[in-house]
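First up is the structure itself, then whatever we jot down about it.
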Amino acid sequence: MGMIGGGQGSFIGDVHRKAASIDGMIDLVCGAFSSNAERSIASAKALGISEKRAYKNFEEMIEKEAAMPEEERMDIVSIVTPNHMHFPPAKLALEKGFHVICDKPMTLTLEEAKELQKIVKKTGKVFGLTHTYTGYPMVKQAREMVNKGDLGEIRKVNVHYLQGWMATAVENGDNKQASWRVDPKKSGIGGALGDIGTHAENLVEYVTGIEIDEIAADLSTFGQGRVLDDDGNILLRLKNGAKGTMSISQIAAGEENDLSIRVYGTKGSFEWHQENPNELTVRMLEEPKKIYTPGGNGTYPASADYTRIPPGHPEGYLEAFATLYRSFAKEVNQVKKGEKQSEILDFPTVADGLRGMQFIYAAVDSGKKNAAWVSLK
Amino acid sequence: MGMIGGGQGSFIGDVHRKAASIDGMIDLVCGAFSSNAERSIASAKALGISEKRAYKNFEEMIEKEAAMPEEERMDIVSIVTPNHMHFPPAKLALEKGFHVICDKPMTLTLEEAKELQKIVKKTGKVFGLTHTYTGYPMVKQAREMVNKGDLGEIRKVNVHYLQGWMATAVENGDNKQASWRVDPKKSGIGGALGDIGTHAENLVEYVTGIEIDEIAADLSTFGQGRVLDDDGNILLRLKNGAKGTMSISQIAAGEENDLSIRVYGTKGSFEWHQENPNELTVRMLEEPKKIYTPGGNGTYPASADYTRIPPGHPEGYLEAFATLYRSFAKEVNQVKKGEKQSEILDFPTVADGLRGMQFIYAAVDSGKKNAAWVSLK
Amino acid sequence: MGMIGGGQGSFIGDVHRKAASIDGMIDLVCGAFSSNAERSIASAKALGISEKRAYKNFEEMIEKEAAMPEEERMDIVSIVTPNHMHFPPAKLALEKGFHVICDKPMTLTLEEAKELQKIVKKTGKVFGLTHTYTGYPMVKQAREMVNKGDLGEIRKVNVHYLQGWMATAVENGDNKQASWRVDPKKSGIGGALGDIGTHAENLVEYVTGIEIDEIAADLSTFGQGRVLDDDGNILLRLKNGAKGTMSISQIAAGEENDLSIRVYGTKGSFEWHQENPNELTVRMLEEPKKIYTPGGNGTYPASADYTRIPPGHPEGYLEAFATLYRSFAKEVNQVKKGEKQSEILDFPTVADGLRGMQFIYAAVDSGKKNAAWVSLK
Amino acid sequence: MGMIGGGQGSFIGDVHRKAASIDGMIDLVCGAFSSNAERSIASAKALGISEKRAYKNFEEMIEKEAAMPEEERMDIVSIVTPNHMHFPPAKLALEKGFHVICDKPMTLTLEEAKELQKIVKKTGKVFGLTHTYTGYPMVKQAREMVNKGDLGEIRKVNVHYLQGWMATAVENGDNKQASWRVDPKKSGIGGALGDIGTHAENLVEYVTGIEIDEIAADLSTFGQGRVLDDDGNILLRLKNGAKGTMSISQIAAGEENDLSIRVYGTKGSFEWHQENPNELTVRMLEEPKKIYTPGGNGTYPASADYTRIPPGHPEGYLEAFATLYRSFAKEVNQVKKGEKQSEILDFPTVADGLRGMQFIYAAVDSGKKNAAWVSLK
């Protein structure tokens, strides 16, 4: 695997590297870790990558690796840059024959997302998107319970993703993350929407298996001098008639990383909280409340197969992330053996990435129209 | 105290009686416990009320008690009937010189609510409304923290009130509560809105001290054959610029009585859950998460004064309810001594009742307009 | 009902009165509320008791009430004094024909306890002991699950009762409770043992239905100048071969009132925490963890019959206490009708009180012998 | 790093490998993964290890690697075999110049433990023991709070480690773990004592910084046909006068992996639960209860430095394990550079391993003496 972005001091680059390594299926062999050539090479050194595969920029990396013999060159490109630098390397890598795994939101613009979907289709390469939270065993259990009809028909969804790290003007300090996240040139038209709203949107569609039809979004920018949203309160309508709310915020003072979801069907419901991810609370109409745990009693194989250690030994964010990398790597291996890509991919795909961009665009549009209903398309 | 409604088999009548008795300030001396005269009298007997003060209907009770010597007659009328029978006895009782405490929502229609407010003003009698949840010590602590500015300026509110008891067609069985609640002649224009939405609305305004300005309500009726809403997803805008969501449901399968609220200010936030009412979770910008308990370390007198037993000895719903009755009784005693009514009443008032009706009407109006924004007025 | 002790400023007297009133079965008609005659009468006044039934001391109360016509005099004596004043009024009241409900521990000495058991038997009066925690619906559910064999054979019990209010030298201030609790003349030979250890012991025997056979108690006195234990760590052996631990403390800094128990059988286990009493966590060998709630799905009638309000409306300490009073009052009413006393009483009895005293004596004896095993007898 | 044991199908071998890889400081280069030579080599292949470094047994591995040039050979030996196979390879590896990291309990017998301590001292090599739970950030926070005196003087410790996986006769099935754990030839004289009791003992001494002085252990063997303990209830006395309880079990039906500890000092207390490891509950005498989170507000550097991702992104068991490997690897690197070994090692050491064996021996001795007090020595 070669990595684009994620140089020294990057939070998410390190997460991707750890996640990729946990299951021992992926080796990091090269990288263009920074837009600054010197820093890129220094980062590569620190990571123990051979000097000749420490590249100055992504174009160089992709060109030079593509020129190497197949058995020596990288097979996967991992993109962990700010949003505006997702599409260009993804396009080039796919077209040069590499499989791509990319951070979210997938692209800077909706146009790019549509274009990328075409490129993925045309090239036939494997494309993965790191909506981390779908990798948690209890999220997979929730999804499978819905799939199997345990909850009956879905009627209601309440989801929130609340952080407080931007409650004050952190972007004016030396918080690198904050500074590019408030910059529409690097983030796109969504602020909190792009950073965490897309996770919430993806989680809703992942666990219910139902697409969001339209939304009514009341967006706010509480931080002085900001131009992008840092808070949103959103009504949801799903394609099957289910309804719901979404609350997202990066100014929810005191919150760390509270992504939570409750889904109600005709027969029962579940509730999951990312900050305590190893519990899935299930309420059926006629039973006492039940708490499922990873690999624990009553879990479906579609969940239990994704735990690495026995019940009661907590797994966390890195393991959820690793699960995406592992599933992606398995698919890549399958394709490398000459087999066809699977119909259903066990990780977020380019289609999910496009949904995320449609969500951002619909939300921003609705926000401008005083929270009128806007379809995702 | 005399009671109207709440005869044998009534849930809420028994709650009111227990709540009124806990602090030993109020005696039940008479009642018109049922619209059926026989049942009314049987109920009175069972409650140990003397035969001559077991009345056939509320008119008889109010007339006859009013005719008794002042030191013998009831001083308070407690109204615990279905919604359509709130206004007529309240009006008559106030006009005949009695203080009134009434279940919520305050009236059947918005018109009645406005009328009742005038009657309360004109008669100078004490009027209380039993929005139970404001009686919990941790709700009072939350309110005081906002009052004192601990949280800074309020920016965001997320509230939900979720029950599952109407997830199936309970109104077709012998559930008396369900049958009148789905009947607009007895409930008014709101279903879940009136029964639990008004509690959520009142809680928001109580803890923040800020009025809701406008709402966008997406109402649903999932139960076949129902005409009133049994679910709602609502956007909130408060008068100070804060925004939020409200999710209410009586078809949230598996839920018991989950009223929960999170409020975010510029300096910190809190979170409270009715089903575990003796914890208030507080998150300040620079501190570890804190859990306050009734009468426990760090609670303000405005909260601690409302506990009856030492920290660690849980109080519950009946005690919260009793707190309303106690505060109401204190005010009545003050007025009976000839003093003026307090400017600020320590229990929900006729003004709160009017807000609740305005909320129902705005929500129903918004719902008809595809969740367009509607002001509460 | 007449009350002995519990005058103005008393915590537990007020609890008894509220508990007795909640279900409307018991009226407080007289009292000897203080060892100080003046304070006794002042307390009676404040409670609205007629002057002629405000007694100077318990002897006067019992004598004079006994001399009244049967239909006028009190039927029950409630004893809420410090430990050394339990036996004398209990004995006199029973012998004069009154039923007695008494706070715990039952007596000052083991001798008194044995004597009292004989008196109860001889007089045929109803005697109840207020081990409050057995009144919680979830404790009753736990007990019934064991009774029905749901957990299989019991193998292990871990119980703790931890408070922190004596972590500092509160007895040197004006804390009346603390000052008599550290005084062996008023408390007896046990400190924390008597105050909270007996609750823990009773809870173990109540929920398992199995007697404790022998204990090995390592007692400590951390508070300077104290002579009684304020902390204990104890091994348990039950009569069926089950084993366990008990940890009790009143110097557990920061704790409020944490009585918790876990019981393990061959088929499953449960866990209950008094500070969050409306949840019973049940773990069966092959099922996900389940959370039972009062009156909620899956609860047995032997538990659900003890809730007063619908699921999701929390009940607390006062309701648990009230449940004891209600069951006691029912039994008294039955006996007053001339029926025989029930074989199995639905509240803690004189036999439980004796067990508590045996526990204290065995623990103190073991403590002196460096935690050697001592039988309860 | 070379690994001894942990071949295909091993739970703990995989855990060690993942833990060693997460921080990218350690490469697995060789192994003797099974006592069966064929399986050893097959395991190596599956792990991508070169054929010539897949060894038939540990003697071969150590001899051959020792014969390789220093810059090519393994530097660390990781021992993940059943207990009886800890000492022989540890001794050989140390004497041949390798650093050793070993699973717990450290040895089969107390004699071996004492001997191993001498060997470590003599050889000057780095020796680490994988008491995983000390690697959790919240355990480190707890320890630092005690170190800094935040809790005052420690008075009381309650610890339990409860599992239910041996509640039934799993050793009669094909559970390899269970079968060697019940075999004293492979496990030593302790059953649950060795497997989980040593973790509990180590956790007590780690967080308090105080040694356990003596214990009174009531051991049980509930599983039919077993010869080793599967349950224990133990009194603790620490060297500073603190007291406590320890409850351990592998027959606690329904439990997964509940290691929990509460520590009480004169000024405050904390509580931690392994199954929800990212919360540390702290109760100070005059403050509301506080919940610390990894890297969150108020955490000390001695804790926060051990998190890999921002607050609110849960870490788990593998990360705690990885922390031990990382600290061990740092120490190895320091020594390899020619520097002296640190006075205080940031991971469990041979001294901790000896304490664990002393604990097992004292507990078994006490158990035989009907839970008499026995010193750890």
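Letters A, B, C and D mark the chains in the order given here, with residues in each chain numbered from 1 onward.
Basically, contacts are C-beta pairs under 8 Å (C-beta built on N, C-alpha and C of every residue); 3 or more make two chains touch, one makes a residue touch a chain.
Because the structure is predicted, anything quoted here is derived from the model rather than measured.
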Both-way neighbours, i.e. chains that touch chain D and touch chain A: B, C
Chain pair showing more contacts of the two, B-C and C-D: C-D
Farthest chain (mean CA position) relative to chain D: B
Gap in Å, rounded to a whole number, between the CA centres of chain C and chain A: 55
Chain centre separation (chain C, chain D; CA means) in Å: 43
Chain centre separation in whole Å, for chain C relative to chain B (CA means): 35
Shared interface positions of chain B, touching two or more other chains: 255, 282, 284-285, 289, 293, 296
Chain B residues touching chain A - in the complex, by the definition given at the top: 151-152, 155-156, 158, 160, 162, 164, 167-168, 216, 218, 220, 222, 231, 233-237, 243-247, 249, 251-255, 262, 264-269, 282-285, 289, 370-371, 373
Touching residues on chain A, where the partner in the complex is chain C: 282, 284-293, 296-299
Chain B-facing residues of chain C, complex: 11, 14-15, 17-18, 21-24, 47-48, 163, 165, 255-258, 274-278, 293, 296, 308-319
